Amino acid sequence: MNANPMDVASGAEPTAAPAWRQETLTQRVAGFFLRDRRAMVGMILLVVMLFAAFVGPRLVPYEPDQPNVRNRFAAPSWSHWMGTDRSGRDLLSRVLAGASVSFRVAIGAALLALLIGAPLGAVTSYIGGLVDDVTQRCMDAIIAFPARLLAIVLVVLMGPSVVSLWFAIAFSSIPRYARIVRGSVLDQKEREYVEAAHAIGEGRLAILFLYILPNVLPPLAVQVTLDFASAVTVEASLSFLGLGLVPPTISWGGLLNDAQQWLEEAPWLAIFPGAALALTVLSFVLIGDAIRDHLDPRTRRRGGTR
Amino acid sequence: MALLDVRNLTVDFDLGAESLRAVDDVSFTLEPGEALGIVGESGSGKTVTALSIMRLLDPRARITHGRIWFDGQDLVTQDESAMESIRGRRIGMVFQEPMTSLNPGYTVGEQVAEVYRHHLRLSHAEARRRTIEMFERVKLPGAREMFNKYPHEFSGGMRQRVTIAAALACGPSLLIADEPTTAVDVTIQAQILSLLGQLQRDMDLALLFISHDLAVVSELCTRAAVLYGARLMEVGSTDAIFTAPRHPYTDGLINSIPQRGQPLQGVPGTIFDLRTPPPGCRFHPRCAHARPLCHRDVPEFTRSPANTPGERGHVYACHYPLDSSRG
Amino acid sequence: MAAPTKRMIRYTLLRALQMIPTVLLVTVAVFVLIIIIPGDPVLSMLGYYADDVTAVPHEIYDRMFRELRLDRPIPVQYLYWLGDALQGDFGKSVVFRVPVIDVVLSRVPATLYLGTASLLIAIAVSVPFGVWAAVKNDTWVDHLASGFVLFGIAVPGFWFGMIVILVFAIYLGWLPSIGYVPPQEDFLRFLKHLILPATVLGLDVAANILRFQRTDFLDQLHQDYVRTARAKGLPGQLVIWKHVLKNSLIATVTVVGLNTARLLGGSTIIETLFSYPGLSRLLIEAIYARDFPVIQAVVLWMVVLVVIVNFFVDLIYAYLNPRIRYATA
Amino acid sequence: MMEALGATDSNLPLLRVRDLVKYFDVSGGAFRRLLYGRRTVQAVDGVSFEVARGETLGLVGESGSGKSTTAKLIARLLPVMSGDVLLAGRDILKASTNEMKALRKDIQFVFQDPFSSLNPRMRTEMIIGRALSIHFGFRGEARRERVVQLLERVGLSAQHLERYPHEFSGGQRQRIAVARALATEPSLILADEPVSSLDVSIQAQVLALLQDLRTRLGLTMVFITHDLNVAEYVSDRIAVMYGGKIMEEGATDDVMQRPLHPYTKALLDTRPRIGHPGQLRPLEGEPAVPLNPGPGCRFASRCPLRIAECTEQAVPLVEKRMGHNVACVRS
């Protein structure tokens, strides 16, 4: 009806869409790990550590608590890859046993913080007003405490157990989740597409779940990954100070605490558990950093040439 | 002799896995005291052209071909320290975004005064005096009090005046203005345009004015160059180009300006992806006059005879140019 | 120039006022500690671990109960406690049998020395390194910086400390592995005892600072104002050290501030590992001994320190970023 | 497709806005309000106008004039302080949540920036389809079919269903935004600078599309823009806003050719035009932010014709010529 050269059909010019855009989510996640060297190294390390933690103990010939007085302080050898400790217990078996404890504490603590912090941030920012203000001040007060100090105090109050470690470690990271979510929700609320959703008549819940939440999840994923790393460290340091898990529970921090007295006689006691700890933390940090850089448009600058 | 003579300028971006040509074989000249408008839409390469002259390209970009003669020197071959003595002293530049182009941590006075101190080795007091003079020149109200203010206390229009003051502080012979009025209100745009026009006359400046807005270019410039998809389409006097364009793209741009009671013509389709430019004439996929030749061969530049004596002619790259007697 | 100064003073006062609610909230939290700890406070005060009230004579128990004001409502107890605390009275240490304040003060210098030394090391390493790495983005310097950051974050301080002790104290025998000597006693030995813990702690913090600083500096380098400064003909070095550094310091100061508070409170891990008699070590000792008044005092010290350091961070912030002082004042 | 809304009297204006008021408190926190007093921006202050069925009203102004806020108030995207908005005789501002859901169907919004008005994590089908699900209960295949129809109506096609916003150019995104607005079959479209972030040639395409849809579907439109050329092209009538108030309002030709208000004249004089260089007459000063304004004319501070009266008393919008209103003591 209209001789206009740019009429209707003209908007349908083919856009050159690169092939990767047609990939499924799984392919894209896989592609990310294959393309980013850090992510790949981190992932391999993590898989190895997880395997060691949950399958490893079944593969080693020694029980972690089995003493052998005739073989005390044995240096690493083919029969004891990581050597033995003051009661002749096999260090490899103990490190493997410590791994599963580390993962249990770290995963529990990070998820607990996520489960408390994220909804807290979402709800308070959505309600706003006084509730939001008061919550914010409380979060400020928690942040004023050095994280490790807070964990120490809480663990002292609750007594050493896996569950109290969860809470003690999670507590100081709750504000971080609450802030990430609150910040993102407030940021997203300002976006025009949320306003546009109001304009087509979306309800409040639909807006929260369909529009805001999907945009908040990525930064949360990064935080959880990085929190695994810090939870592993905090758990180890608490146990190292003798405030975390106590024998007979085996933890890397406890092993290192033990090793401290025999540094001169048996340095391997310090080296192996520490290395296991460092590699685990490293794997989480590598993955977390890679995801963050991938999501951050600042570090993922593209070739715009205005 | 031309003050600025850009010849066959070609700029490539290396984006890791792929690369693209952001400026492709662009040539134009600018006489002392003359105002040339570079017109184009996003992706046309107009900003990259300007940054090439300043040699302030993104690290991933490289001038792969061509010469930029400025006052007898080829800027392409100058080293960084030579460029530093040219920038801000002999060529000034004003950018598009007044809200972000000033450093938030220093007073606006300091950001102009440092140019005097650096290029002219003036003392702090002398630099301050000259800065206030310059502020008066760009009509910043209450120039003396403005010296100690921070950028965030200024509106966009005021900040743009500050960046103009900094660019013109050392009396350059060329000013490059990259969409200086795109981000400001219409009444402010008029103020800035008339200020630039006045400064150009008073300081005998050559002006390279980059804009997507034909009307603004027509207001300020005597000549205009039209870019599309990294290539030059047409160059000539603004009169010739805007009243009797020979290139269909220029014609399309003019027809994209809404006029009451007339059907909006314009240009169908969208610009191609710079990573995969079409063969032949870049504009042929959107051109109503395209014929098989356009799909195949890159058009050479053609010169249409100058209409008035002294005019440097009207050049266009099109196999089937529009009739010049029209309009 | 008078106006900016006045603005700064006004901002300082305003910000100081804003500290009060936070500090109060923190004192409440610390006070609540003593209420929620398991066990009878009177007994633990007297050094008994079990909840066996019969172990103590009636009249002594009652007198203690009243002395500790446990017969009053909790808010009143808090006010008394706060009043005492403000005068430096945190009660008597259960273990040392002397006023808590004396115990705490005796440990402060050691922690301050260690904290200051490691802070200096951290800043000296991280700031130039961060700038260098950002300027030489994607070269070996940058990769080295990234590697250092990863190392600092992945390797826990106590393990790194043990390795350092192993190498420098045990194998090479260059430096003592544990202990502390007051500087007024023997300055050289003081330094020797300080080097290892301060380096371990300092490098850990340096990695932390570098991590933020490098990204922020990189971010600043891509801001429009940098291009404007270059377009004015300012040399690259001047643009970096004058224009970019000032803006990127805003982020750096925040991280440095966070870490300063941490360092001045003492590092539990490092003080324990090196048997260094600082505040954090005192805290751990007090925890083992269930010496709650000491725990309270140390925790309060650490947290108030954080608040005060944050206050100064905000002041520096406002100096670096004019928008802040103008927005508030 | 237009269901008759209050079809009893077709002469009744479809949209009637009366004395719309919206102030923003910008004092900051409670603490600063105490120290420095309350600071309010009177973003929209007593705005009234009517839009007849099938008509397009161009709302013109610079930043801070309150034009966008006005549109958001009409769509109830912001809470109103006082005033009435009547759509076909029904009071929008007094509608309950349930009534509002039905009213949302009748008023649709097209935003300025197509890069931020589309959810980056939703595919085209979902972006447009949500409106269909909410208001008509469309699901699955039926919904998809309808979305394709809408896409075709704005010049896109079924091949775009599965794509995310980042895969489209600015012009295409704005087409999607238009399709989303059309999905509910609204009687009124509020378009807030819908073309100002687009390239010149694309801007022309989208304007042509909107004009075409308007005549084909008989849409009523409030079109907000800072660009006089655009306003002149799309509108039947134009209202010029400054500092939260309407300065002048009338038929497009009247306002453009015989402006009554000094601000409108100034706007016309500051418009660069092709082929007429050197005719710019810049207006001094900056667009006013109506922060704690006095009683008088908001434009007084920049007005070349200012007299004492201008700042002393409120200047009402009065009819000077037939259907041509102006708020100026000097006109």
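We call the chains A, B, C and D, going by the order they appear; numbering starts again at 1 in every chain.
Here is the rule we use: a contact is a pair of C-beta atoms (placed from the backbone, for glycine too) under 8 Å apart; a residue touches a chain by one contact, two chains touch by 3 or more.
Nothing here was measured: the structure is a model prediction, and the numbers come from that model.
Among the chains, the centre nearest to the mean of all shown protein C-alpha atoms is found for A. Counted by C-beta pairs in contact, the busier of B-D and A-D is B-D. Centres computed as Cα averages put subunit B at a distance of 33 Å from subunit D.
Computed centre separation for the pair subunit A/subunit B is 49 angstrom, with centres defined by C-alpha atoms. In whole angstrom, the spacing between the mean C-alpha positions of subunit B and subunit C is 53.
Counting only residues that touch two or more partner chains, subunit D has 169, 171-172, 204-205, 208. Taken residue by residue, subunit A touches two or more other chains at 4, 6, 10, 15, whereas all remaining positions touch fewer. Contact of a single residue of subunit B with at least two other chains is seen at positions 42, 263-268, 270.
Residues 72, 75, 77, 101, 104-105, 107-109, 111-113, 116-122, 130-131, 134-135, 152-157, 159-160, 163-164, 167-169, 171-172, 175, 177, 180, 183-184, 204-205, 208-209, 212, 216 of subunit D are the ones touching subunit A in the complex. The residues of subunit B lying in touch with subunit D in their complex are 41-42, 155, 157-158, 185-191, 193-194, 212-216, 218-220, 238-239, 242-243, 252-260, 263-268, 270-271.
Looking at the complex, you find that subunit A touches subunit D at residues 1-2, 4, 6-12, 15, 17, 21, 191-193, 195-202, 210-211, 214-215.
For subunit A in complex with subunit C, the touching residues are 137-138, 140-141, 144-146, 148-149, 152-153, 156-157, 229, 233, 236-237, 240-243, 256, 259-260, 263-264, 267, 270-271, 274, 277-279, 281-282, 285-286, 298-299, 301. Note for the complex: subunit C touches subunit B at residues 1, 3-4, 223-225, 227-236, 238, 242-243, 246-247, 320-323, 326.
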